[in-house]
Each structure stands twice: as structure tokens, then as C-alpha cells.
Amino acid sequence: MSVLEVRNATKRFPGVVALDDASIRVDRNEVVGLIGENGAGKSTLLKVLTGIYRLDEGEVRVNDGVIELTSPRDAFDHGVAMVFQEQSVIGTLSVAENIFLGREGEFIKGGLIDRGRMNEAARVELAKVHLDIDPAIRTEELSFAQRQMVEIAKALSLDSRIEGDIVILLDEPTSVLEKREVDLLFEIIRDLKDRAAIVFISHRLDEVLAISDRIYVLRNGAVVHETPATDATVTELHGHMVGRSLHHEYYREQRQSGAGERCVLEVKGLGRTGAFEDVSFALREGEVLGIAGVVGSGREALARCLAGLLPPERGEILIDGQPARLDSPARAVGHGVGFVPSERKAEGIVTGMSVCENVTLASLADFVRNGFIRRGDERAATQGWIERLSIRTPSGRTPIASLSGGNQQKVVLAKWRVAGSRIVILDHPTRGIDVGAKEDVYELVRDMTGEGLCVLLLADTLEEVIGLSSRIIVMRDGRVSATFDSPPGGKPNQVDLVRAMV
Amino acid sequence: MFIKPFGSNRRQFLQATAATGVIAGLGPRIARAEEWTCAVSMRSLANPYHATFAKGAETYAKSAGAPFEMLVTEGNSEKGIADVRALLSRTGGKLVLNIDPNDSPDARVIVEECAAAGAFVVTQWNKPEDLHPWDFDPSYVAHMSFDGVPTSKAITEKLIESMGGAGGIVAIGGILSNVPAIERKLGMEQAVEASGGKVEVLDFQPGDWNETKAFEIMQAWLTRFGDEIKGVWAANDGMAIGALEALRQDGRAGDVPVTGIDGIEAAYAAIEAGEMAGTVAWDPAWTGGMGLSIAHATATGALDIAGEPHEHREFYGTGIVVTADNLAEVRGEPAPIDYSDYWGRVTGQIQYRG
Amino acid sequence: MAVSFSRRIRSLAPVLVLLALCLVIASTNSNFLSVSNLIRLLSAAAIPLVLVMGATFVILMGSIDLSVEGVVALAAVAASMLVANDFTSLDLGFVALPAAMLLGGLLGLANGLLHVRLAIPSFMTTLGIGFACVGVATAILGGFTVRISDRTFRELTLGRLFDVPYSVWVAGLCVLVAWIIQERTRIGRWVYAIGTDEHTARQVGVPVERTRILVFALAGVFYGLGGAMSASQLGQGHALLSQGRLFTTITAVVVGGTALSGGVGSVLNSVVGVLVVIVLANGMVLMGIEPFVQQGVQGLLIILAVSLALDRSRLAVVK
């Protein structure tokens, strides 16, 4: 019996058919995987299921009855809960208050909220996700992963409060989680199957395969493939997603360039209290230096430090052999450092501006003559990079917010290429983007090093850091614990890296 | 600087004010060509001083049988000037204007416009020091103001008298940079000096013409000086009332004399109750009516203004010191103003204290 | 938990500023800590306290309310006309209190409705309503002052219970009510949710619009009460009675550590903020600081207090 079903859904936006006669069904006690490239229609489908969009054609059925969902809250009340990719917990409220936000009614007595009872109820929900925290503490004090768990607990709170079955939509829930936390999440999902149907959306195909019972592949707004997970393989799924088969050499190892003669960036004894200590390394032109480490190893702080966002307290940075002070982003940019941050929306792009304005943002001075911006040059430069990086956008004037995550990331890269950066820091460059776009990013990394740029990489997965880097340093507790050479054909293995990490 | 001159007659007064407001809002009324239109212009009707000023002017216009217009600048110089311009063109220059310019520089523009149109203008309070009525004979009829120094000195003397001639006083001033505030403070200091050391200013604080601020300052003084305070001087009645409330909360109202300046109703009531020693009443009904009267007489030829001495062209009016002794008289029905006694209240030519 | 520790220190910053201030003043003037001066301070703080209770909720929500002075003035005028006075023949006594609160609430409701229904920034709607209120008060009175002759009504600020003016007890009650609203009601929760992340709040079904309107109305009720108290304190009602209240109110809220961007702060912070502002004014007179210097000192201390209370780690961008 289907708990949630979408039949023949079509949703059009000006110029685009976002959903094209798509039908999916989620049965009771089932985990359904939903995959597809960015722009394939996953987000649109989710927004339909949570009442944000209405269908042009087709219908949504909950517990075998046709209904019209009008808002996320409405969907929630019908038993459809979404765990958002962009977290939607409110930092200034307590964990319990977040879990029951907007639904405080059951705890009201005499007009006042009974906080004791609310906290008790929250504890019950937190136990379901094995989160042992005080429900009265403010969520902003939690780690990112813990907040994610709170999100899930919030969705689970439906369980005891709704007649009938509940459906939990997990949108990229693992993209910010560490391995251990992912395992925990999977454990929870398996647990949940007794009570709920689950839709699992992820760009990590191996995870989708591991956790799902059934998988739908979306492409161009249509369901192109449906398969039991037991019958599927990553390669096959990938083929369905992109409509072509997986590139043999995923990480373009054959294009990995050897380190050049010239040392571009050298770091000596760099330290910052509470973040990292005594970090030294050298980066040569054409090299990709991977930095591996668990959360808290200090690698994020190190990257931000080299980007000028976090001044170091000790040690020395040499660029082209000359001492350089990178105590502001502007100075770092001036020294040819480009930073591609992991928080793309917050730091990588200016969402209110067009593609073109984003591309030229870091080097606007080059496009100014007599105090005026030369729009023609700006457009020409942008157009060049749109083609070179095959950024999928109608034009340079398109608002960047309307591009997919992968294409936004390319715009960020284009920005630094236009600015003439020679040291590019990639902080989780493939986080939250789909397989096809990932490959494009890998291709771009190889293009850059081929031209003599050097790259500092904080990768999303171990596989990625090994595949892309020419050399890898591993950090543990703020210090460099090991260094590995990683030439094509002679890549270090994951176990060695992990051993140095923990 | 708020005043309420009509005492018990207030309700009628308010109705009349409201009525003129309504009429003035009805839009253009074309004056007959042979008549001079009488007009006043001031900041707003929100403060009693200007409300009474306008009312006094209207009373004069009525008595002279002349059409009357009321302009309000709302604190906006541009609006003030534009309104005068519009009125000049509507009346074809047959205009008699009594104006309290929004800001000193406005006066020059307005005087020039009036002179060019053949209208007659009297200014109040604000004008540039180097602009004189005799430079624009006969169009710029006169400029009227009040000298804060002697008035303030007079009321301070009353305060000292009610303290028994000696002791410490605390003084609350207006906004530090404000001309009336500076003059009133100077007058207070002159009176204190004249006491020959028997009176001491314990502290001076600017109360910014604000009742609440005066209240808080007075509270702090009570803590700091306690019984040393024998008298409280305030640069206006509003602040005097604020200070009085602090005394009241301490149960000391009536024991420590308080004086203010401006003559607002609350101050009269406090004088009546023995909680304030005195205040100073300006008479804006007089300035409103007499300003028009002098200008109107000049316009109709009844007065040869160009032949008058300078002290009749730029002069100070009279402030009346109000104490328990003359309170009833001041609050009672105002005596009808003799509009032909042009110079009866002149207390001297304006002094410029660079 | 280093972050947590520094956050705790920061949340205590306004209290530390207050204590430091008291210490400095007390060391130069021993009368500062006398019971009579402390009572004076409380009586001066009473009305600002009532006003900030309203303003804090609005600011926590990420909005701003500039109608304080207008609403207070109109409520004060209304209250002064309802009790025995020399302008109307009414003599309704303490009915004036709920009436002023109702009037304030309605004006606040107007603020909220205009803001939400017409989607005009609260900055503009409240500024407009504030001006309109002063205008109406002016039109009613024609620039004159209503004098209150009702001795009982004046007792509200002049009378004392355990040697502390009733107005202080009223203010204390307001703080308690506001604190309960903040901590224990849905509106209180939703104010934080909206101030922190309106988008998310809306998604989980918080009635954002209704909350906003209610909060503005609630603020208006507090202003209305503050207006009635002002009338009682000064024994009169007029259109300019509330001059300076807006500045004090917003300053106190901000000095107390409530962020203008919303979501961070508390009514208790604002209590401390009010005390800082009042103690500072009192202290400068006590210490005999030159009037010319006072404003400078005031400005610097406000900046100091805010900079200590502000969590800069949360602010990548300052607007």
C-alpha cells in the first residue's frame, strides 16, 4: 500500500519543464532512493511533496487519497516531514523549542508553555536519533551534525502525533556528516522503517545503494529508471543519471601534472592558538596539495588562514619566496590567492547578482576605466569563461541564484581565473553537487594545474583527496601527522591516511 | 517657551483657534483689491506660544475689519517662504505680514520678497544681525524680540528674595547653544553676582527644555546636595515643573522655591499652590496683534514708520514677572489691547551680544 | 566549550558595565548608594522600563518601533483627559489606566497591520504612526496642556508602598509579565524564531504575520501604560510630553545587549539597559561632570556597552 504517491506530475516554469509526467510511489516500511543530476527535477519534486509548489498537472496522494498540500506545515500535518538540506533549525531557540516550533499547542496550559513537559517530549524524540543532549540547550551550541540530528528528530516527532503513516524526506542528509555519523544515520533509518516510509536523496550513489530498497532515477524532469537497490550498481545508476556511462578515469589521473620547479607558496611553522600549530609545507606550481583530516583537525582553519580570513598568530608565509602577510581577504587576493569556500551560498557567490557580476567581482578594477565599469569587456570575459568551463547558464546576465550548485561552483572558479589567481584553495569544492558536475570540477582542477596554477584541496571524501592530489598532508589535532606522495599510479591507500588521521 | 495668556477663557480660545484653522484650510480667499490682507506665519499651532500669537493677530484683524490668513511653516523654511510668496502673489502685494521666521536667514528672503511686492512686514525673534528694518523703508516695518537677560535677572531676583536672600541654588538651563537659553542663563548669573556672594550656584545642568530630563537632574541633585539646595532656577516652566515633581516625590515641594520662565498654566497653578515662587509671562497675543497693527498702520499711511527712531524699529517687548502677588491679575481676563499704543511696551533697542 | 564561555561573559557584559558604572560613581559620591538615591533611580527608571518591555519584543523580532513618543504622548493626553482635569469635565479616575493601555494597543495594532498587510517596513509605518499621534494630540489640544487635578491618579507616581513609589511596583509587574510572555508563551518563542530566521519559522507553520501584528499591539499596550504613567508623573498631558523617550528606549534596549538584527536578547537585558542609561545620567550629575562633556561620555559608554555585548563572531557583515 502506498503511503505517498505522485502521479503523472508535470510542473512548468517559464522556459523549463521541471517535472515531466513523473510518477513515484513510496510504500509503507520502505526506503526509496531518489537520485538525479542537479536540474533533474529532484528539488522540484520535493517542493511539490512539501506543499511549496503546486502541480500544473498530476496529483499527490497521501494514504491513497488525493490531497492538495498548501505549505510545508500542511504537508507536515499530513504526515510528510522534510529534513532540509539547508538546515532549518533556529539557533537562538532550544532544542526542544525547535522540535516543536509552531506546534506548541499540546504543551500549553493556562496560556503558558509547560517547558518541563516539552523538554520531556523532546527527550523522547532525541532518543530516537540516539542524541544524548539536554533538550533545553540552545541549538547554536550544537555541532553541525548534531543539528542535523535535531532536524531529523523534529521530523520523527510526527510519529506519535499523526494518525496513519508518516513519510520522511531526507534531502542530502549526509553531505555534512562524517563517516561515523553517516553510519549512525543509516542505523536510525533502518530503525525507522518499522514506523515510516523514507525518501532518501543523496549525490553519494554508494550511500543510496546501501540504504535504499528501491531507487528512482530522475533526468530532465522525468523518471528514467526504477530499480530495486539489490539489482543496481553505481556505474549503472550513473549511466542512467547522466545518460552516458561513467568516465573511465574518474579523477583524471592521467592528466595529473608533475610538480614544477618553482615553489609558489611556502608555509613555515604556522600556528594559531586553538586551531593548528607548527604547520609547514611547500606548494609548487602545477601541484595539487590535498589536506586530509577529520573535523577538528585544524585543516579548515588552515585553509581560511591562507585565504586571509583568519590571521595566523605564529609562523611565516612565503609567496614566490617573499614573505607575505595575508591578514585580510583583500591582501590574499592581491597575492594571487583564490578561495573557493565550502559555504558556497554564504561566501562563494553573491546571490543577488548576475553570473557576470559574480565572475568579475574579485577583479573589478581590471574592468574599470575612468571610474566606470566597461560592461562590454566584462561581458566578453564572462562569455569566454562560460564557454571554457561549460557553465550552463542562458547568459551572463542570468541571476546566479537560478543556476544549479555545480554551475555556481564553476562561476566561483571562473571568478578566480579572471582575477588571475595562482594559488586556488578549494574547500570541499564538490560538496552538494552531483556526479556530472563533480567530474567537470575535476576536469577544471586539471586544467588549472596544467596551466601552472597550484591548488590546495580540502576534499569531500578520502577517495577524492587521493584521486586528485599530487601530494597529501594529513592533519591531526592541529598538527601535520603525515605526508604522502600521490603520483599517478602510485596513490597511497585509504587505510594509511585514516591511520594518520585518527 | 510656552504661554497661555487667556486663563479661564481657554476653552473658547481653543474653539476659536480650531475654527481659524479650519477656515485657513479652506483655500484661497481673494481679498478685495482695496483691502490689505493681514497674515501671520509661525512654526506650528502645537505650542501654546504660537497658538496664542496667531489668536492675538486674528483678534486684531477682526477689530480692523481686515481679511486674515494664517501660515504654518511646520519647521520647514522652504515651506514658510513658499507660502509667503504664494500669498504675496494672491493678494497682489497688498499684504501686511507678522512673521516669526523659521530660521534667521529666512527673514532676509521674506523681507526682500515683501519689499519687491510692496507689502509690509514685521518680524519676530529671528533675523540676521546685519538685516535692519531701516534698510528696507518702509516695507520692513519692524523687528520685535524679547531680551532674555533682564527678564531672567528679574525672576532670579524673585527667587533669591523668596529664599530669604541667601543660600545655594541649582540651575537647569535650556539647550546649551540656544540663544534664549544663553540669555536666560546670563540673566540668572547677573542676579546671583548681584547678591554679593550670599547666593551660590551649586550646579548648572542643561535640561534641554525637557521636563523629564529636568526631573532626573533634580533627582540627582537631591542626592548630591540634599538640604544645601535652597532654591531651584529653571530656564523655562516645563523644566521647572519637572524639577518640582522630583521635589514632590521627596515631599519637599513648597519648602524649596522654584522659578521658571514662560508663564504656562501649570506654573501658575504651582505658584497658586505655593510650590513655585514665580515665572515670567510673555504676551504673545500682544506681539501677534501689535505686529500687525504697526504694519497695517504703516500700510494705510496712519503711521510714518520711516520717520520713527531705531528703537521703534528693532525693539524688545516686555516680559511680566508673575508671582503669587499678581497671579490673579495675570490669569484673569486680559485687558483689551490698545492697538494704537504702538510703543507702550518697548523696553529698548535690540542689543547684539556678539 | 570555549565558545560557550565567551558567550556567557558577553551576555553578562551589560551587567558588568552597570556594576562598573555604579562602582565608579559610588567611589566619588557616597550618597549614590544611599537608599533614597536608589529609590530615586528606580522611580526615574519606572517609565522607561515599561516602554522598553514593549520595544524589546519588537526589536527581538527584527523590527523597529519608532512610534514610542507619539503613542506615549497621545496616551498621556488621553489619560489626562479622562481623570479629573481642567480640560474636560470627566473624572473617571483609574479607568484612565486601562483606557490608555487600550488606546496604545490599538495604535500598536495599527502599526502592525500597516506593516504586515501593506508590507511597509516597520521603520516607516511606526515613524508615520508616531507622527500622526503627535499630530492628533496637537489637534486635540491646540498646543495647550491638560493639567491633572486628580490627586489619586497622581498617587500612582507620588504614592509609596514600602517607601518605593507605586510606579516602580507597576514597572516591576510589567517586567514580570513581559518575562513570562518571553519565556512561557508561544508568542515569546515565535518572536525569537521570526527574529532569527523568519523563513524557517514560516516553513514550520509559525503564523508570522499574526505574531508580528500582535507584538506591535503588545508593545503599544506597554507604551499606553507608559503614557498614563508619564501623565501621572508630571501631572499633565501635552503633545510634547514624551520628548526624548524614543532615544532612551532604543538606547536602553541596545545597551542591554539585544541585537537590532533580531533574535538575540531578552527583556531582562533591557532592564539592565534601562538601569545603565538612568544610572549614567544620574551619575554624571552626581560626579559633577561638565555638561559639555556629558554627552560625549554618554555616547562613548553606549558604544562601549554595545561593543562588549555584541557577539562579533556571529557577524561576518556589519550593516
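Each chain carries a letter (A, B and C) given by its place in the written order, and its residues are counted from 1.
Rule of thumb we're sticking to: a contact is a pair of C-beta atoms (placed from the backbone, for glycine too) under 8 Å apart; a residue touches a chain by one contact, two chains touch by 3 or more.
Every value quoted in this text rests on a predicted model; they were computed, and no experiment measured them.
Student: Considering only mean CA positions as chain centres, point out the chain farthest from chain A.
Tutor: When every chain centre is compared against chain A, the largest gap points to B.
Student: What chain is most central when centres are computed from CA atoms?
Tutor: Going by the distance between chain centres and the overall C-alpha centre, it is C.
Student: What's the distance between the Cα centroids of chain A and chain C, rounded to whole Å?
Tutor: Their C-alpha centroids are separated by 44 Å.
Student: If you average the CA atoms of chain A and of chain B, how far apart do the two points sit, in angstrom?
Tutor: Result: the chain centres lie 71 Å from each other.
Student: Round to the nearest whole Å and give the separation of the Cα centres of chain B and chain C.
Tutor: Centres of chain B and chain C (C-alpha means) sit 34 Å apart.
Student: Name the residues of chain C that each touch 2 or more other chains.
Tutor: Within chain C, no residue touches at least two other chains.
Student: Counting only residues that touch at least 2 other chains, which ones in chain B make the list?
Tutor: Not one residue in chain B touches at least two other chains.
Student: Which bits of chain C are touching chain B when the two form their complex?
Tutor: Chain C reaches chain B through residues 29, 31-32, 34, 36-37, 40-41, 43-44, 86, 134, 138, 141-145, 147, 157-158, 165, 230, 233-236, 239-241, 243-245, 278, 281-283, 285-286, 288, 291-292.
Student: Could you pull out which chain A residues touch chain C in their complex?
Tutor: Going through chain A, the ones touching chain C are 71-73, 76-77, 88-93, 97, 101-104, 108, 111-113, 115, 141, 274, 346.
Student: List the residues on chain B that touch chain C in their complex, please.
Tutor: Interface residues on chain B, with respect to chain C: 2, 4, 10, 14, 17-18, 44-51, 176, 203-206, 208, 210-213, 215-217, 219-224, 226, 241-242, 245-246, 248-250, 264-266, 269.
Student: Residues of chain C touching chain A in their complex?
Tutor: 2-4, 180, 183-186, 189-190, 192-193, 195-197, 199-201, 203-206, 263-264, 316
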